[in-house]
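Order as written gives the chain letters A, B, C and D; numbering starts at 1 within each chain.
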């Protein structure tokens, strides 16, 4: 049986088709999910894609977080469903309190699009199992509000529990605290990542194919399970 | 030290997509009875020294030329009691 | 408020024996047509067409539609060459005259592309001006039936160290990024040029590329009696009304209307919904004709749809959803509120159309229908306020043969050759010259700008900055793709507008060819000073002739574009700046040729001399 | 119709790059004597019906759950006399 990974489209989602392509290239079946549906259609995992849901008005992810689909998703994520939030998806996961902290305006106040070097800090989550601990990868990064913030206690807790899953190398592109590019929840099934692995899945259109690892990781995890 | 607050709002006739998005979301979240929402910016300036008329006039000038884009925005300046 | 209705206009015209009185003076009917930008003879012509005094709404419509911007009245006689000299091309599916040209790229795909200017608004309010420039060109492409797939932004600013450049440039770049990034359109190229001649007249041109299947091509025409006119997208506000508030203020009491903003604020989120919603109604074949709302708003959309179609159109203007309830009908007709489209839909398909709009949270309203007459009739609470032959508004405006003359300084300028410039005499001076060249803002790396644009979204970008041309994949299975480059050089054009325009084309053509794509078609944005200056008009005539001639030689037809006049401060015009975009097709994008050396040991060949 | 204003500011301990950018620019533009700037959001809500305690409580709840992200932001709610 093929593994089915849902990709949610919110009004203003942009990288939803890219996330579907990445899921497909990784060998799973992408399933389009609609923000207005309460139903996750029985998928084995969900990607919340990048974009500007609701125009990023109010705060990034703040309006999308109240979509009907999120009700279902929050419940299932708490029960262990693998969920990856990329960029806007990460922001939505923080707004939903599935992940701690928040994402704020880049410290230099500009939108930035660049090929970003990262180090994988935790290769034990549902979405990073195919990487080696400490592996360095390059994937595109593009955001205007990607600065990860949380209070010191939360940051220390994330570090202590190994919940920082990826860190920026060479350049901190947005002023994220402790160079944090991505984090996970305690159980390791919910991961938020600011850079865009779905844009690094084909040599033709991406800087590398390093991004595929996130999508193959969840596949392997689900097949093994 | 005194605090001066500059509120900057889009002029009433200018489209406010952010405010509209918030207004449309409110009923969905169960908050009815809000007929309009406008979203603007609030600047809190900590002023060294006394906030006399001269200082306020300077801040008003800064608001006019810099904090607000008067092509599309209005602003108000006031001293906040702390 | 007193309504100026058609009946009243008729009554008025009866008691004035104006037809015998010779030319109509400004105050004959007390109509403020001069304030609206209409000349005496233009007003006279409207009176002749209607055989009566126009209502204030009609006057508003004619005045905006006959403006230079909408009617191309000064450029039309020159632009005709693009058609007349167009090389035979099997690729051209839709040519000049529609929202954008459409080119066959094979495998059943068609590509549409066009470049447009948003110069003046971007000077007044850089962020919103540039943002709505992107929004406008994207709707043009969408209206053809295509999914927009990429944007480009040829820009010109004043001197890099001029204080106004510091105001304009960051706003323009942030606006292009803010809108384009939020729409999810990769930015695959553009230009940034600094020259003092653009101080006070920055050029913000925006290009969009769209892809569709041949059978998805849609045109802007209203046909089929009984079909309904649906306005959808944003509510209409008082944006960009400009001179028309002169009219509106007449119809208000002493307090007068609130000040109407000339600046339009864009809502890219609304536009993104409009794109997805429109593509979905196309996919279900629900649309007979479609037009985006841009300059001149509903005046333009209704008159163009009716003019291009068969039959007439009736519109109930009071049905238009408003953001500002105090708007007068003239203002509603003129409003340039962004993110709106107008579709012609068969009655049986209306319900489904509205359903899809509701799914995307897009407001949609039936505002009228196609009639079997040949008039465009607009009503305001059942009173008729417009009754005109639509062609006279949209397509048969005035055409000027503006006088042109080679400027008397042209010879001196051309005689002042580079030979007279001081040459570096020793190694030290050579070094200094080189450093100056390398450090010049025009040659420096542009990534400080392009890094603010998303070039990855949609996952089909094969080439983008800093490549010579942008390239996107059109089909993921076959690897069919297209490449686009825009180029222009105002300094060359000032020296010799004929050759300068050709050089711009040649450069864009080469940039496309070097990627491995085959150039197919051309779009252009002609940025010039005032057409009322015979010197500027000469530059324009020379540049269009140069471009048309070169297109003929290269076999690439001009499929569409845009003219921007009046780029001048006082008497001083910008350098004539035709920006030329070339589109090419490549059968297999994996065989593209990027710039730069990829591997050691490659052999370098120099072509040409 | 009454207006309720909700002001949302980043918590003091959260870095405010926008406010900082403004503060750094002010002296360059010739405005001295401002020791700190914070930039936040101002929402103007037009409320249908009376703004009684119940209505205010609802708005406070909307601010808490929606208009502000209390992980990083504080807010205040007040009725504005018009």
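Basically, contacts are C-beta pairs under 8 Å (C-beta built on N, C-alpha and C of every residue); 3 or more make two chains touch, one makes a residue touch a chain.
Everything numeric in this text was worked out from a predicted model, so none of it was measured.
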Looking only at C-beta pairs that count as contacts, which pair of chains has more of them, B-C or A-B? B-C
For chain A and chain B, let me know how many angstrom lie between their CA-based centres, rounded off. 34
Chain A to chain C, mean C-alpha position gap in Å, rounds to 38
Here the gap between chain A and chain D, centre to centre from mean Cα coordinates and rounded to Å, is 30
Please list all residues of chain A that touch 2 or more other chains. 54-55, 57-58, 66
Shared interface positions of chain D, touching two or more other chains: 66-67
Please set out, as single numbers or ranges, the residues of chain C touching at least two other chains. 267, 269-270, 361
Just spell out which pairs of chains touch, all of them. A-B, A-C, A-D, B-C, B-D
Mind listing the chain C positions that touch chain A in their complex? 174, 177-178, 181-184, 267-270, 272-273, 359-361, 451-462, 473, 476, 589-590
Could you please specify the touching residues of chain B with respect to chain A in the complex? 17-18, 21-22, 25, 28-29, 39
Chain A partner, complex, touching residues on chain D are 10, 13-15, 17-18, 21, 66-67, 69, 71-72
Please name which positions on chain D make contact with chain B in the complex. 1, 7-9, 19, 22, 25-26, 29, 31, 33-49, 55, 58-59, 61-62, 65-67
The answer for chain A against chain C in the complex is residues 11-12, 14-15, 17-18, 21, 36, 50-52, 54-57, 110-114, 140, 142, 144, 196, 198-199, 201-202, 204-206
